[in-house]
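Submitted below is the structure of interest, expressed as structure tokens.
Order as written gives the chain letters A, B, C and D; numbering starts at 1 within each chain.
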Amino acid sequence: MSDAFTPRPEHKFSFGLWTVCNRGRDPFGDVVRPVLSPCDAVRMLAEIGAWGVNLHDNDLVPIDATPAERDRIVREFKTECERSGITVPMATVNLFYDAAFRDGALTANDPAVRAYALQKTMRAMDLGAELGARIFVLWGGREGTETDACRRPDDAIKRLREAVNYLCEYSRDRSYDYRFALEAKPNEPRGDIYMATTGAYLGFIATLDHPEMVGVNPEVAHEQMAGLNFLHIVAQAWEAGKLFHIDLNDQMPGRYDQDFRLGAANLKSTFWLVKFLEDVGYDGPRHFDAHAYRTEDYDGVRDFARGCMRTYLILKERACRWNRDAEIQAMVHANGNGSTPTEYSAAHRDALLTREFDRIALASKGLGYERLDQLTMEVLLGVR
Amino acid sequence: MSDAFTPRPEHKFSFGLWTVCNRGRDPFGDVVRPVLSPCDAVRMLAEIGAWGVNLHDNDLVPIDATPAERDRIVREFKTECERSGITVPMATVNLFYDAAFRDGALTANDPAVRAYALQKTMRAMDLGAELGARIFVLWGGREGTETDACRRPDDAIKRLREAVNYLCEYSRDRSYDYRFALEAKPNEPRGDIYMATTGAYLGFIATLDHPEMVGVNPEVAHEQMAGLNFLHIVAQAWEAGKLFHIDLNDQMPGRYDQDFRLGAANLKSTFWLVKFLEDVGYDGPRHFDAHAYRTEDYDGVRDFARGCMRTYLILKERACRWNRDAEIQAMVHANGNGSTPTEYSAAHRDALLTREFDRIALASKGLGYERLDQLTMEVLLGVR
Amino acid sequence: MSDAFTPRPEHKFSFGLWTVCNRGRDPFGDVVRPVLSPCDAVRMLAEIGAWGVNLHDNDLVPIDATPAERDRIVREFKTECERSGITVPMATVNLFYDAAFRDGALTANDPAVRAYALQKTMRAMDLGAELGARIFVLWGGREGTETDACRRPDDAIKRLREAVNYLCEYSRDRSYDYRFALEAKPNEPRGDIYMATTGAYLGFIATLDHPEMVGVNPEVAHEQMAGLNFLHIVAQAWEAGKLFHIDLNDQMPGRYDQDFRLGAANLKSTFWLVKFLEDVGYDGPRHFDAHAYRTEDYDGVRDFARGCMRTYLILKERACRWNRDAEIQAMVHANGNGSTPTEYSAAHRDALLTREFDRIALASKGLGYERLDQLTMEVLLGVR
Amino acid sequence: MSDAFTPRPEHKFSFGLWTVCNRGRDPFGDVVRPVLSPCDAVRMLAEIGAWGVNLHDNDLVPIDATPAERDRIVREFKTECERSGITVPMATVNLFYDAAFRDGALTANDPAVRAYALQKTMRAMDLGAELGARIFVLWGGREGTETDACRRPDDAIKRLREAVNYLCEYSRDRSYDYRFALEAKPNEPRGDIYMATTGAYLGFIATLDHPEMVGVNPEVAHEQMAGLNFLHIVAQAWEAGKLFHIDLNDQMPGRYDQDFRLGAANLKSTFWLVKFLEDVGYDGPRHFDAHAYRTEDYDGVRDFARGCMRTYLILKERACRWNRDAEIQAMVHANGNGSTPTEYSAAHRDALLTREFDRIALASKGLGYERLDQLTMEVLLGVR
């Protein structure tokens, strides 16, 4: 059954292998779903209308695979992707699951662990490149602490910078043409993770050897865990030309990492996000980094993945409706949106310093935001 | 009664005028303390051993003062500061109290409000310069939203950039030699505030015309409201050469802005902070942006201010003890701290890609962080 | 313009005087709206279709009014309520604004403050009774601490119990026939408030002399500040026969008290709440304890208040739609809802202990909750 | 090396088997420590000076053990406990790990799951009784939702009540003499868990058939996850005679369940807790429900467990010091602590209603809480 909210390739919906293959293990419980092979996952994604699949190295290739096994696995996976018409836009490296990384990977105190993490990342870049990925995400899930006694945090930042600089050189050397997308998270699985917010990464990027190669991969859940407004940080990244990738999902603030289906926790903040991405013409992948509830079997996983895409498309349609709503647009324009660039000059300075302002008058007009927000809610609820 | 924890000028302890003059008004209750004049506040600060006082324009000069009144007030205040031996290291502008700024100041939709905010800031810069301040803090308390319907967030960022660029030009033009310190906060008094974290400002600074003139003013409470590790962001700012100022206080995560006395909410995180500032040789003001409980009269305000400085000095002494503790230092060095810069080269690349790592061995050694953290706690508790 | 979402008296929508009269003062800014008199507020509420108005004693009668002034004010207010067809279902007492209560009212350390708080509450009960109120809310906004050094928390609980017992006796003595509704909040304006959650009050009520006279007044914002699921606590209160009143508004978790328009922060959690109240047949007031953004004038206040009621009615309609949706209902019933009371007996015990369960089979069926939740979202979004 | 902070049996320190046997698995990573057998754990606990060990059924007996295996395991464990001088004060049941409980156990929609959960609990009660436990903890880790579409929350409460009533009857029937201790948690592993706070359970207990048999088991981390003041809820439980057990650990607010070593997140709140337990004479087990960082081997696990007990004893000593500090005690008594029971009578009523209060005077005296809190910090830091 197809309708206006049926996903099509041009929507660029992608899922991580780890999302549809998630088996439901959590800190207090075991797996609830059997293994789903990468090739079966690709077939599932094709069946439900996705465009792309992303992966960590070990989502596809076991960490202890021999080179021959690795090559066979990759070959079969590429074949399945081609057959299914599924692209691999992004790759990343798992620097968090193995016990070797229990105290960090690129920032670990042990130089051998740092070296191993670097090597593992280079090989993951090889893998991604072989699969056609042009975006390489780095999420440092173990780069953090439970006690700040273990290292100086500025040392950790220096180590991270060296590593990212090195990886940029490797990408240039191999002509991989990667754009790196750094992904922040405030905590979990570490007590605190360095580079806790996308903002921290935007600041970090400016200190790199090749800042033009590096952007961010903001994730809804990771900013919302800290109660931050996700739209605002996405807008900052976009405005700075740094929105290289995005992880879509949902999350209640102040909790463990929930990775809910898009919109499942907060429809309104999701609406603003979708509207922004569409309004500015973001043309990268709409990547879902979420997973099905632990109550589900693989039919439920399909429902979950379909729901992510469907909700995106419904909200996109609502964004169009908002943009075309005459009353809303009249209110928005009455509010004097837009920026008024001002060149500094002696003349302008003097004019500004001597200008008389009527504070009372500036404060007297109601701005109508309660009505504007209520109309937004009614667009969202479909009663307008 | 003087002891090892008695503040002295070389400790560079400063307080905002607004902190000791805080009258205890909150959203659910009225003022509980009478007015304390700026000159009386300076005398109080001198009496208790502070070194500096900071101020918003309107902490000293009422928003509706005539130029003559303004000049008289400033003259008397300077005289009192000189007499009391109190310096004014930092000034800032109040762009949040007046109703004209109810929907933002430098990012407001109304161009007249933006112009007024710019003018007000320039005059506050004049005032600060007259008082000898060389740091100018910008906290955009009203630059935010309750509903994202009101403006595009990237427009807000553009407006903010124009304003900061303009103010940098003004500082250069007037030879004020200011270093601007941008202060982030995630929310309150707005539902969401743009530039929610210090990290966001570090990213923003890189996009300015004069990034070298602009740094950050991280505040303990503002990052901890969002549950973020304050030490980590201070370390990032420091490592990037951007720690131009700091706001010391304390705060429980996930609550309204509490502005507690230093250490009152969390001794351990405060310890790491003080230790870091002392270890790296931060030589800027130790500025307290906090206020006394509403249960206090001005004797209690003195207790509060003394407590801030005293706790800083106790924790500084504990940091020395930690640094001299043989067992702790042995553990820290056994953990292989330090960074190992690696130049990218074909030879290094090949060596790294072919190196064999023993994952099991890398994961086998306990790192002793439970003991290291417990020893830290015992240093802190004074039983070691 | 009237439609299906136009409020009518039978919807029992009430507002606090303090909500529509809120002048927009916050910790960082002054008032933005002129005074709205209680009688004007009643007229506004009547005009927009509300049914009732609630009040703290000092919302109507200034704390320093003479008895004659008090009587005149009350008389005029009653007249206006009658003329406007507005009822006064609930009254409460302000034990938080005055500086006398800066360290608590009914739990303050000073016995004179406790006595004054008790007297003030009795007079507020007289006032409420005179206005026809049959519900008396107690919110102990100052009953808390910034430091637990100030008193033993079990002493505070004892003092609170004595006070509530006393007030129950007073209600019986005066034949006021009040039902007391206790309102919890975790923090703000105090660092921590005793009886932080509605659950804590449910436990406390069981220890009172007249538990049957006392229930709770859960407020959306107050539980959501702590990130708690509001529906669950409302359900517990309802199931225990203790839902004597409710405060409707909205709030993002982990922040200052926002008191947003119903649904403005989270449409989905608001939907479950409205659905529950309608499904169980709650017939008390639908009381809004919220206020307009600070960007608004009194037209905006009207928009705000209309929006609260309108959103409630839209969500009520969606709840009906959900209840009538055949696919949703089929899924709900397939899940085996309902309770199966089991009497304990030796026979039942033995049958249960010897019953064989197939754990694998119990774990094998997908429960379809992803689809059920997605269908709920689509009902909410009006595409179903 | 023994000192004043060496644990002794009379301190009643107990650990869950699951705490020292925790292998470090988390949502993003695998186990890092080999299996530690229950008997080895008992030996470790004895070696480091613990008094007791607690367990879930499946911590000791695998879920699929045959009756014969079960009996052998229990026999060997009892023998080891006796040999090591370790007692088993508390037992509990694991209703969260197995996939059968993925949507709840005692509140699951499937009646067969509910029956299985009841049976499993009865058998765990048998096991606990056999080991000598007199406290039975119930933590409903899976009793919750990701979407409230799945069941009515009041149905969940009814099911829970039936189950607890049934289990009380079973305890009476078998003469097990258990005191049940209900343990709340707001979320994780479920999106929301029913009975989110200890307060909610205090309310629930009042609705049971045998409320006298049932109390609470508050856990530091579980209340602090929601940012709640743990001391306050412990005090409420204690004052109501319901503090049947306690789970000691530490946790930063607004995060995943961290289960840190006692005091590791917040020394000051831990100090108030220890002080309260000692001041009121709580004589139940001091149970630690925490685990070592994932960076540790079993030497680190020992350090962790020793640290829990040692910090408790240091803080207990500090509480004594606080109680004996003349200046602190003078301030506390000046504040008029204590309760003043008031019998309601017509005479008292009239006296109270006619008493004149001087609001200004009541508000004029500073309460000295800044100093009192600072002195507390200095006691804690050991400089006083």
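Operating definition for what follows: a residue touches a chain if its C-beta (ideal position, glycine included) is under 8 Å from a C-beta of that chain, and two chains touch if they have at least 3 such contacts.
Everything numeric in this text was worked out from a predicted model, so none of it was measured.
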Query: Through how few touching steps can chain A be joined to chain C?
result: 1
Query: Which chain pair is joined by more contacting C-beta pairs, B-C or A-B?
result: A-B
Query: Using the average of all C-alpha atoms in each chain as its centre, how far is it in Å between chain A and chain B?
result: 30
Message: As a quick test, compute the distance in whole Å between the mean CA positions of chain B and chain C.
response: 38
- prompt: Can you list the residues of chain A that touch 2 or more other chains?
  reply: 32, 98-99, 102-103, 146-147, 150, 187, 226-227, 252-255, 264, 293, 295, 363, 367, 369, 373
Task: Enumerate the contact residues on chain A facing chain D in the complex.
output: 24-32, 96-99, 101-103, 141-142, 146-147, 150, 187-189, 191, 225-227, 252-258, 260, 264, 293-295
Query: If you look only at chain B, which of its residues touch chain D in the complex?
result: 5, 32, 227, 252-255, 261, 263-268, 292-293, 295-301, 303-304, 306-307, 310-311, 314, 318, 363-371, 373-374, 377-378, 380-383
Chain A-facing residues of chain B, complex: 63, 98-100, 102-103, 109-116, 118-119, 122-123, 146-155, 157-159, 162, 165-166, 169-170, 173, 186-187, 192, 194-207, 211, 226-229, 231-233, 235-236, 238-240, 242, 254, 272, 276, 279-280, 328, 332, 335-342, 344, 346, 349, 352-353, 355, 357, 359, 362-363, 367, 369, 372-373, 375-376
